[in-house]
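Two complexes come next, and they have one chain in common, chain A, joined by chain B in the first and chain C in the second.
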Partner chain A sequence: MTVLRAAGWSVRVHTRALIVGVVLLLVALAVALVNLTTGDFPIPVADVLRSLAGRGDAGTDFIVYELRLPRVLVTLLVGAALGASGAVFQSLTRNPLGSPDFVGLTTGAATGALIVLLIADGSGAQVGAGAIVGCVVTAVAVYLLAFRRGVQPFRLILMGIGVSALLEALNSYLIYRARLNEAIAAQVWLIGSVNGRGWTEVVIVAVAVVVLVPVVVYFGRDLKMLALGDEMAVLHGVRVERTRAVLALAAVGLSAGATAAAGPIAFVALAAPPLAARLSRSPSAGILPAAAMGAALLCAGDWAAQNALPGNDIPVGVVTAALGGVYLTWLLFRERGARR
Partner chain B sequence: MTTDPRLSAHDLTLAYDKRVVAEQLDVRIADGSFTVVVGPNACGKSTLLKALARVLKPQSGAVLLDGQAIASYPSKHVAKQLGMLPQSPIVPGGIVVEELVGRGRFAHQRLLRQWSPEDEAAVAAAMRLTEVSDLADRFVDELSGGQRQRVWLAMALAQQTPILLLDEPTTFLDLSHQFEVLDLCAELHEQGRTIVAVLHDLNHACRYATELIVMKAGEVVAQGSPAEVMTARLVEDVFAMPCRVIDDPETGTPMVVPADRHRRRASRTAEAARA
Partner chain C sequence: MTAVLAAPPSSPHRKRGKRRWIGFALALTVLVVMFALSVAIGSRTIALSTVWQVLWHPDSTPESVIVHDLRLPRTLLGFGVGAALGLAGTVMQALTRNPLAEPGLLGVNLGASTAVVIAIAFLGVTTATGYVWFAFAGAALTSAAVFALGGAGRHPTPERQILAGVSITAVLGAIVWAVLVLRREAFDRYRHWDVGSFSDRDSGTVLRILPFLAAGILLALVLGRQLNALSLGDESATSLGAHPVRIRALGLLAVTLLCGAATAAAGPIWFLGLAVPYAARMIVGTDHRWILAFAVVLGPALLLGADVLGRVLVAPAELPVGVVTAFLGAPLFIALCRRRRLSSL
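Then we have the complex of A and B:
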């Protein structure tokens, strides 16, 4: 902990968390730069930089600004949104499995998107809107179902898992009754991908991040008191129900924005916060380090997705799902080891 | 009775869901008093404290702080006036003593005032007074029951509130630490703070309290100075415990000496015969 003081103001920073956050951000930006150079036409880093500085030639500019930059920005922002959203949910539910993937939000977003894709024949921004609506409606439904004089975190997770299972079934049914080519498009959307994302998607997720991350960081200061239990939080002046509602809504919004832009990308929200926490050696991850970790993870995942199989640009959702599987296995393995 | 004291409760109905714990409960906490609440298990002592600290919302009636409903103030304002040590706080994992005590300063902090010199001084003082300074870097969930109890007390002290509610502050503590905590409360009281503590040991209660509140089944059955209130009759009545009350040879305050086992059995049989 380092304390900075000046003229009656004081700011306390967890030194190690700050360093971890900055390093992760630099890693994310570096990988993002590499991603700008890779693709069907490899472009040297120097040319990419020249183009970004506004002094590139027309051909490079087109590839960088129209084809690759939107994708890279979507990757960075979606990763950050998922990381921040996961950190908030895991703190609120006091449970490492309390991430948007597990409490049914991503499944709900998928249902919304599938309804637009398969029933309303929509595309692009409409699918994004469908995902956002689906996510928010699911969140409200889970909240109401779990409500019994306030919301117990564990009930919330169980309800989320239940609702999620129901929606999975609905999603499968929607795909089953679709025409073949539509079903394939829907299935690809369900994997989660940043391929071919344009400026529309950048704007969707950027708005979510720019508006909601400050909200989450501001109210996130109350999380350390909520971690001591509602009673203790009230005693120290936290407005428990309001804080929880604001944080949950903002986290839902982040998760909805991310899913609208890139589809349901698995495991980033789940894994980024505890990984950031472990690196910063602090029990609960700060929200910003978790966001930086999310961005770095997703950028690295997208790099791997483009380079894993030569000549084949697989969806990043496949990579994060695989990484997530490894992560969960490792987590369970460690738990077993620790208990023995 | 002229004006209300800073903290008082009026016509409270306290309940958890449908389980009503107390009805028509009126309590006045005299300013600057060291009030001790006693009563048998489950009579509603903790429930009363929670209501006074606005952690439990009464189903009807109101708790007044400085003449206004406590719920009508901004929560942080109340948190600067009134603190409480709960009976069994949730023990957080992975957090060290100094950090936990530091969180007791939350009500005094703002976005750009995260750790003022006052915060630092308050935490250091609270840890010194409760003798947990040596534990500063230990994890809270790896402490003994008594060490942990003193850490929670330190956190409540760090809040530096003029009114302090303590729910069984001496549980888990060995004899000397019990008296150290009680002495500490007495010193805080002498410095002008209002202390409300739930205690089970009636002799401790009589030694330290300036005001006793005796509860039974959700009701206040007696309130006043220990010398007025603590009689053999009352103890028998409230705790179903035949006893003698003599003068504490050390302090002159009332001292409860429970009756011999055989005499207690005899009185139980007599009572059964009467019924």
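Then we have the complex of A and C:
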């Protein structure tokens, strides 16, 4: 733990967390670079770098800027947004399972997107807007349902489960009544994918990350106090309900932006924060290390998705879901052991 | 079933006994009405008198074909599936001593459905008879996993069990999606089956799952007295001469049979197993022999009601019954969670 002071400002830095965060960020960027070089038409690393520096030839420029860079940027930013939002939610609910996947946010976003896709025949940015609206509406509904003289974290998760069951029924009905082609498109959207993402999606998720991550990091300083319990936090001068509301809203926004750009990618928000916390040997995940972890995980997952089955570009959501399933089972087994 | 009903009410209070019989009669009446509605109402309007006439005197008119080949099988299927899921929910709640336990929420139905998806996509199984075996395997594996992870018998809180179930559901959902993305032709068959529906099941479906349903229902009903013992806690149950381990094993078998058969026939249907025992407990209290008897009547009544509602609400199209039960059941779940004191979490 080091304290940096400059011109009246002081910042406490968890040294190991800082190192872990930087290393993870470098890993994420390295994998992203590898993703830029691989594809149907392999490009040497040197050419990619030259192209990124603005001195490549026209053919390479086209492949890098139009085909691969948007996808890689979406992957990085979505991973970061999911990691950060997962870290905030897990701290707020004080539960490793309290990620956006479980409190119904991703299902809500999916419902919004499906309504746009299947009923309004929208596409691209409209689907994104639908997802964001769906996510925010669901979040507010879950919060209001769980509110009863303050919000108890566990009740929030249960309400999320109830609401997402309701929305899942709606989703499967929407898919049921659609024509087969549309239904398959919707299903692919539902599993979360970065295939064929363009600059529109980059802008959506970049705005979310650039605006909301600083907010989350600024208010996230109080998360450690909140973890001690509401009374202790009040005693230490934290405005509990306001901090909680701001953090929750910002995390919802991050999750919504990520879902709008890439669909509901499972388990990254669940797994990234605890993994980052484990690496940095701190009890709770820092938000920035978690974001870096999310970006690294999703990039690696996308690399695996492109290369797992030759000639078959499977959605990255399949890969994260498979890995996340293993992680989740392990988590439950460990929890069970801890409770004995 | 008669043996269970004939057992004298264990409560010494006359009033409660009377209330139970009146309640049972009412529930039976509701079931008969729902049964009749399910036969009489559909996307094609047929006069009630015609329905009544062709019901007893089948001829070759379209009305008669509709009633006998479409509505009656569908109604019977709803009857069987409703009884199965109501009983499965009751048994699960008793085994886990968790009023929120439910085959859908705990992932058992989805486990059955995952096994069926794998069978459709990779093993080329296309018949309902084939589905049944895979559904059993899936249901058995998942219920064992949920009980193991949720820690049955130790000091599990109901909410942790739900969380274990939801986690397993998430994993299974991921598997299903992965399979479906890889195999598109399986997806089309699956999406109609997945939603929980009676509409395009052929008339043989009921017959094929009937033996399994009957075995499961019988086993669940016989377990009533043992479940009562179990509800006192393992130590007290043992001192009363019951065998908790054996009861759990039999209960698990019953749940597997019921959920597997129901899911193979109708796809995963949520929340029926939550609502039925809850309603039954409100009427009869805590005696499991009575709760089980009520579940056999209330389950089909609710499911047939939901099915009729699904046919009426958006006529001439129809809402799949799984969607209707989720829309009715999820609010109940939310209300139950809101009401429970958090100290018991």
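Everything that follows uses one rule, which is that the second predicted complex is superposed on the first by the 326 of 340 C-alpha atoms of A that agree within 3 Å, B and C clash if a C-alpha of one lies under 4 Å from a C-alpha of the other, contacts with A are read in each partner's own complex, and residues count from 1 in each chain.
Here is the rule we use: contacts are C-beta pairs under 8 Å (C-beta built on N, C-alpha and C of every residue); 3 or more make two chains touch, one makes a residue touch a chain.
These numbers come from a predicted model, not from an experiment.
Visitor: Given the alignment on chain A, is it a clash or a fit between chain B and chain C?
Guide: fit
Visitor: In the combined three-chain superposition, what is the angle centred on chain A between chain B and chain C, taking C-alpha centres, to the nearest 10 degrees?
Guide: It works out to roughly 90 degrees.
Visitor: Just checking: does A:F102 make contact with chain B only, chain C only, both, or neither of them? Give me first, second, both or neither.
Guide: Second partner only, chain C.
Visitor: Please indicate which partner A:F41 is in contact with in the superposed arrangement: first for chain B, second for chain C, both, or neither.
Guide: Neither: A:F41 stays clear of chain B and chain C.
Visitor: Looking at the overlay, what does A:M232 touch: chain B (first), chain C (second), both, or neither?
Guide: Touch status of A:M232: first partner only.
Visitor: Which chain, chain B or chain C, is in touch with more residues of chain A?
Guide: C
Visitor: If you stack the two complexes on chain A, which partner ends up touching A:R155: first (chain B), second (chain C), both, or neither?
Guide: Touch partner of A:R155: chain C, not chain B.
Visitor: Does the superposition put A:R221 against chain B (first), chain C (second), both, or neither?
Guide: A:R221: touches chain B, not chain C.
Visitor: So in the superposed three-chain picture, is A:I184 touching just chain B, just chain C, both, or none of them (first/second/both/neither)?
Guide: A:I184: touches chain C, not chain B.
Visitor: After the superposition on A, what does A:W330 contact: first (chain B), second (chain C), both or neither?
Guide: neither
Visitor: Would you give the minimum C-alpha distance from chain B to chain C, in Å, for the three-chain superposition?
Guide: Taking the overlay as described at the top, chain B lies 14 Å from chain C at its nearest C-alpha.
Visitor: Under the touch definition given earlier, write down the residues of chain A that touch chain C in their complex.
Guide: For chain A paired with chain C, touching residues are 97, 101-102, 145, 148, 152, 154-155, 157-159, 161-163, 165-166, 168-170, 172-173, 175-177, 180, 183-184, 187-188, 190-191, 266-267, 314-315, 317-318, 321-322, 324-325, 328-329, 331-333, 336, 339-340.
Visitor: Mind listing the chain A positions that touch chain B in their complex?
Guide: 3, 5, 8-12, 149, 218, 221, 224-225, 227-229, 231-232, 234-239, 283
Visitor: Tell me, which parts of chain C touch chain A in their complex?
Guide: Chain C reaches chain A through residues 104-105, 149, 151, 154-155, 159, 162-164, 166-167, 170-171, 173-175, 177-178, 180-182, 184, 187-188, 191-192, 194-195, 197, 270-271, 317, 319-320, 322-323, 326-327, 329-331, 333-334, 337-338, 342, 345.
Visitor: Of all residues in chain B, which touch chain A in the complex?
Guide: 17, 50, 53-55, 74-80, 83-84, 86, 89-90, 92-95, 100, 103-104, 106-107, 111-117, 159
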